[in-house]
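Pasting a structure below so you can have a look.
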Amino acid sequence: MTAISDREKLSYIAAQAADARLNLELETEGMTLNLGPQHPATHGTLRIIAKLDGEQVISAEPVMGYMHRGYEKLAEVRTYPQVTALVNRIDWVGSFANEVPFILAAEKLMEVEAPPRAQWIRTTLFEMSRVANISLFLGDMALQLGATTPAFFAFRDREHVLNQIEAVTGGRFHPNFDRIGGLKDDLPAGWITETKRAMRKMRQFCEEMEQLVLGNEIFAARSRGIGVIPADIGLSYGLSGANIRSSGVDWDSRRDNPCGLVHSELDWKVWTHPDGDSFARFWVRLQEVRESTKMIDQLLDGLPSGPIMAKVPRIIKVPAGEAYVETENPLGVMGYYVISKGDLVPYRVKIRSASFSNISITPWLLQGVYVPDIITILASLYFILGDIDR
Amino acid sequence: MSSTDTPTDSEEEAAVDHARNDLVARLTAHLGEGFIESHLVAGDDLCVRVSRDSWVGAAEFTKTGLGFGYFSFLSGIDWMPSPFGRDMDAQVDLQLDGSDDSPSADEGDTDHSTIDSGVAGGDTRFQVFARLNDVVNGLGITFKVDIPDNDLSVPSWVGVYPGANWHERECWEMYGIEFTGHPGLRHLYLPGEFEGNPLRKDYPLLARRMKPWPGIVDVEQMPDDDAPTADPAEAGDNNGGEE
Amino acid sequence: MIDATLLFGELAYWQQTSLRVVGGLTAVLLIAGTLVYVHLFKLVSFMQSRLGPMEAGPFGSLQLLAEVGKFLQKEDIFPRKADKFVFAAAPFVVLMSTFLLVVVVPGGPDAWFIDSDIGVYLAMAVSSISVIGILMAGWGSASKYSLLGGLRATGQLIAYELPLILAVVGVVIQAGTMNMQLIVYAQADGAIFGWGGIGNPYILTQGVGFLLFMIAMQAELTQTPFDMPIAESELVTGYMTEYSGMRFLLFFIGEFATAGVFSAIAAVLFLGGWYIPGIDPDDNIMNVLGPIVMLTKIVGLTFLVFWFRFTFPRFREDQLQKLAWKVLIPLALANIMVTGILKVAF
C-alpha cells in the first residue's frame, strides 16, 4: 500500500492545468452533458448536470429527488414497528443496518435494553449486512472502470451471505427483523456453521478482489490520485464511513460510540489510509469487509444464550423525549433523531443518511476533473440512491 | 448501556460528564446571552439551545474553539400538533389510547392543542436543529434555535460548514425556513414548481386523506401469558398499513 | 482432386468477381459468427462463472441467429436531429473497410481473393477507413454522448494505427515482400537455425512486433482496455448509442468481423498463415485444410483479444494516448531498426 508519489500528483494536476489553458486559448464553448437519471453508472436515478469544456468538467451538479419517498413524513403516521419495516428500504443493499439505529433510539427512549443474546445476534446481522453491501461495491467499482468480470464474482459470492440472512430473517433484502427490545426470532439450527462457511468464502472473495482489481495496474492508474479529499474538508462536508477513513481520519462509531451493539467486546481493527483518493477508498473498504468476516466469526463463537426479547408491552408506546443514535452503517454514519410525545407513532424522525452527506461533496470535488474521472469518483464514494433520496 | 460494573461505569460516567460539562461551560462563556438552555444526559448526549443571533457564532466557536469539525446534519422541527390528528383514527386506536397496556399512559401528552417543545425547551413553532461531532473525542452536540413565526429565517451555516449547503436547502423546501446568506436556496428533492412545504404539520399526507387508516390489524387477544420467549411482542409488526 | 484454379480461370470476369464477393461475405460472416458464439457467448460466460445462452440450439449455438432475427424485426429509429445520410451510411462505411480487408488474406495456396504484391500495404490503408465510419456515426447521431465517443475514437484509432503499421514493417523487412501469400511461403520454407521442422513463424523473431500488433489491434477494435470510445459506464455505448435494430447489428457484426480479419492478418504475418508443419505447402489438400487452419488460428488469436477484454478495466483517454505515443511507437521504431540491422547482417 504505497501512497501516490508527489510526482504523479503533480503530473495529473499539470495535465489538467494544461488542458484548461488550451481550452481558454481556443475559446471553446462549453457543453452541458447530462449524466442520468437513466445511466449505467449511477446506482439508480441520480442525475448529474456537468458543464464540460472538452473533456474537463467546469462544474458538476447532482440533481436528486427522483426517488424521494418522503420517509420523514411517512414516519409520522406509522407505529414504531411499521417504521422499522419502512426504514429497511433506505439503503436496500445492506438493509438490516438501517433498522438498528432506529430501534436503538426507540429503546433508549423506552429505557429498555435488549438481552445479551439479542444484542450479539443483532451485531452479527449488522456486520453481515456490511459484508453484503460492501462486496457489491467491490465488484461495482471495477465494473464502472470497465472490468466486467469482478462484478460477477461479487454477485456470486454475495449470494452466500444473502442466503444466510434469508435463513434467519426470511428476507434477503428486507429482513425487517429487529424489534424494540430484541429480535423477532432466534437462529435456526445449523446457522452458525453455515455462516462460518459463508464467511470463509467471503474471505476468499476478498483475496480474489485484491489480486484481480487492486493489483491491476490499469485500475491503479485510473484511481490513484483521483478525487483526493483532504480530511478537514471531508469532515466539514459530513463525509463518513470508509470515505473519511481513507483520508486518514481514525473515526469509527463502532469503536467510539458503541451504544447497544457489542463491538467493544470483539478484537478488531479500524482501517485507515492516508491518501484520500479513490484507490484508498476501495482499499479501505476491502480491508473492512475482511475485518467484518473475522468479527462475525468471533461473534458466532461468543454468542451467549438466553432470551431474544426483553419484556415490552404488546402495543408499544414510547415515552416522551428525544433521542439520537448513530451507528456505523455500511455506507457511512447513519443516525436517527427520534422525537416522541408518548404516542404510538413518533412525532418526528430525522433520518441522517450517510450517502446524502457523502454526495454533497461532489460539486466541490468534481471541478476540473476529466469525464472518466467523474465515474471513478462517484463509484468510489459509493452511494445508494435510497440513502440519498430517502 | 449495561450497568454490570458500577464502579467503572460511574467513574466513566463522571469522566464523560466532565467532558460534556466542560463543553457547556465553555459555550456559556463564549456565547453569553446567546446561550439559552441546555439539556445534558450524563454519559450520553448534549443538547444546547441558542438564540438566533448567535447561531453562526455558536457554530464557529464549536468548530474552531471546541474542535467539533464534523458536520452531521441540519434540519427543522415543527412543534405544532397536526390539525389532522394523528391520522390514526380507527376504532382500535382509540381503544388502545385509553388502555392500560402502555406504561407511560400518564406521561404521554395526548392533548393536541398546545405547542409542546422537546428537550432544551423552545418558544416557537419552528425550530432548526443541527448536530456536530468531535471525531477525536467521540462527542456530539445538538444545537437548536427558535424561529419566530413572523420571520421564518435564520443565518446560514454554509460559511462555517460547507456541508450545510444541501441540508439547508432541504430544510428550506420542507419547512419554508429561509437561510440568509445561503449561496443558492433552491429545491433539492422536490420538482421545480412544487408549492407548499411538505414536512409542516399542516401539510396533509395525501395518502391518508384518500384512504383512511385501517387500524392495527391482527391484534388478537393472546392466550394467557405475555412471556417474551414464547411469544415475541407482535403488536403491529406485520406491515398492516400502506407505505 | 479437381483443379479448382483451372476451373476458376475459365470463368468470365464478372463470374469470378461475384464468386469472390460471395466468398468474401461468407468468409467474413462465418468468422464473425463463430467468434461471437465462442468468445462472446461462451468464453466470457465461463470466465464470469455462468453458462451463457443455452436455449437456442444445442448449447446455445443458434443464439446468434436468434439475435439476428431479433434485430431485424426492430423499429428503425432515427433521432430527429440526426443527419440522415451520414447516420445511415456510417455502419456501412465501417463494414466496408472490413470486407475490403479480408480480400488480401490468403486461405490456401490457391484459395485467395487477390494475389497482390502490395497486400500488406493495401490492408493497412484500408483498415483506416473505419475511423471515418465511426466519426460519421458519432457526428450524425446528434447526441452528445455519441459525439464524445466518436471524437475519442478518432483520436485513439489514429494514434494506434502507427504502432500497427510499424509492427508490420518489421515482418515485411524480414520476409522481403509485401505479398501476403509470399509471406506465408517465406515462413513455411524458412528454418530456425537450420531446422525446418515447423518452418520459421515470424512470431519467434518478431516477438516484439507481434506484441505491438496485438496491443494495437486491441485498440483498433476499441476493446477494453482501450474502449474509451464505448465506455459503457460513461457514454452508454458511445458512438453506437443512437443506433438500434439492423444498424446496430451491422456495427456489432462489424466489430467481431474486424476482430476476426485483423487476427487473420496477424496469423498470416506472424503465425505462418494457412501453413501447418507436416504438409507440403503446395499440396492441393491445403486448399481445403488451409481455411480450417486459418480459422483455428483466428480463434486462437481472438481468444487473447477477448480474454483481455473481459479482464482489464479501461484506460482513460490521456493514459491511452500516452501509451501509444510514448511507449509503443518508440518500441516499434526500435524493432524496425533492429530487424533491419539483423537482416542486412545475416
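Letters A, B and C mark the chains as written, and numbering starts fresh at 1 in each.
To be clear about the criterion, a contact is a pair of C-beta atoms (placed from the backbone, for glycine too) under 8 Å apart; a residue touches a chain by one contact, two chains touch by 3 or more.
Just so we're clear, the structure is a prediction, and the values are computed from it rather than from any experiment.
The touch graph of these protein chains is an open line. Among the chains, the centre nearest to the mean of all shown protein C-alpha atoms is found for A.
Chain A and chain B have centres, each the mean of its CA atoms, that are 23 Å apart.
Inter-chain centre distance (chain A to chain C, centres taken as mean C-alpha positions): 44 Å.
Here the spacing of chain B and chain C, counted between their Cα centres, is 65 Å. Interface residues of chain B facing chain A in the complex, by the touch rule stated above, are 1-2, 45, 47, 63, 69-73, 75, 77-78, 82, 86-88, 93, 96-97, 99, 101-105, 107-110, 116, 118-119, 129, 131, 135-136, 138, 140, 142, 160-163, 165-167, 174, 187-191, 198-199, 205, 208, 213, 216, 219, 222, 226, 228-229, 232-237, 239-241, 243.
Residues 15, 31, 33-35, 39-41, 55, 142-149, 152-153, 156, 212-213, 216, 218-219, 221-222, 370-375 of chain A are the ones that touch chain C when the two sit in their complex.
If you check the complex, the residues on chain A that touch chain B are 64-65, 68, 70, 72-74, 76-79, 81-82, 84-86, 113, 176, 179-185, 232-233, 235-238, 240, 249, 251, 256-257, 259, 307-324, 326, 333, 335, 337, 339, 341-345, 348, 350, 352, 356-357, 360-361, 364, 389. Listing the residues of chain C that touch chain A in their complex gives 44, 47-50, 144-145, 148, 224-225, 227-228, 231-234, 236, 310-319.
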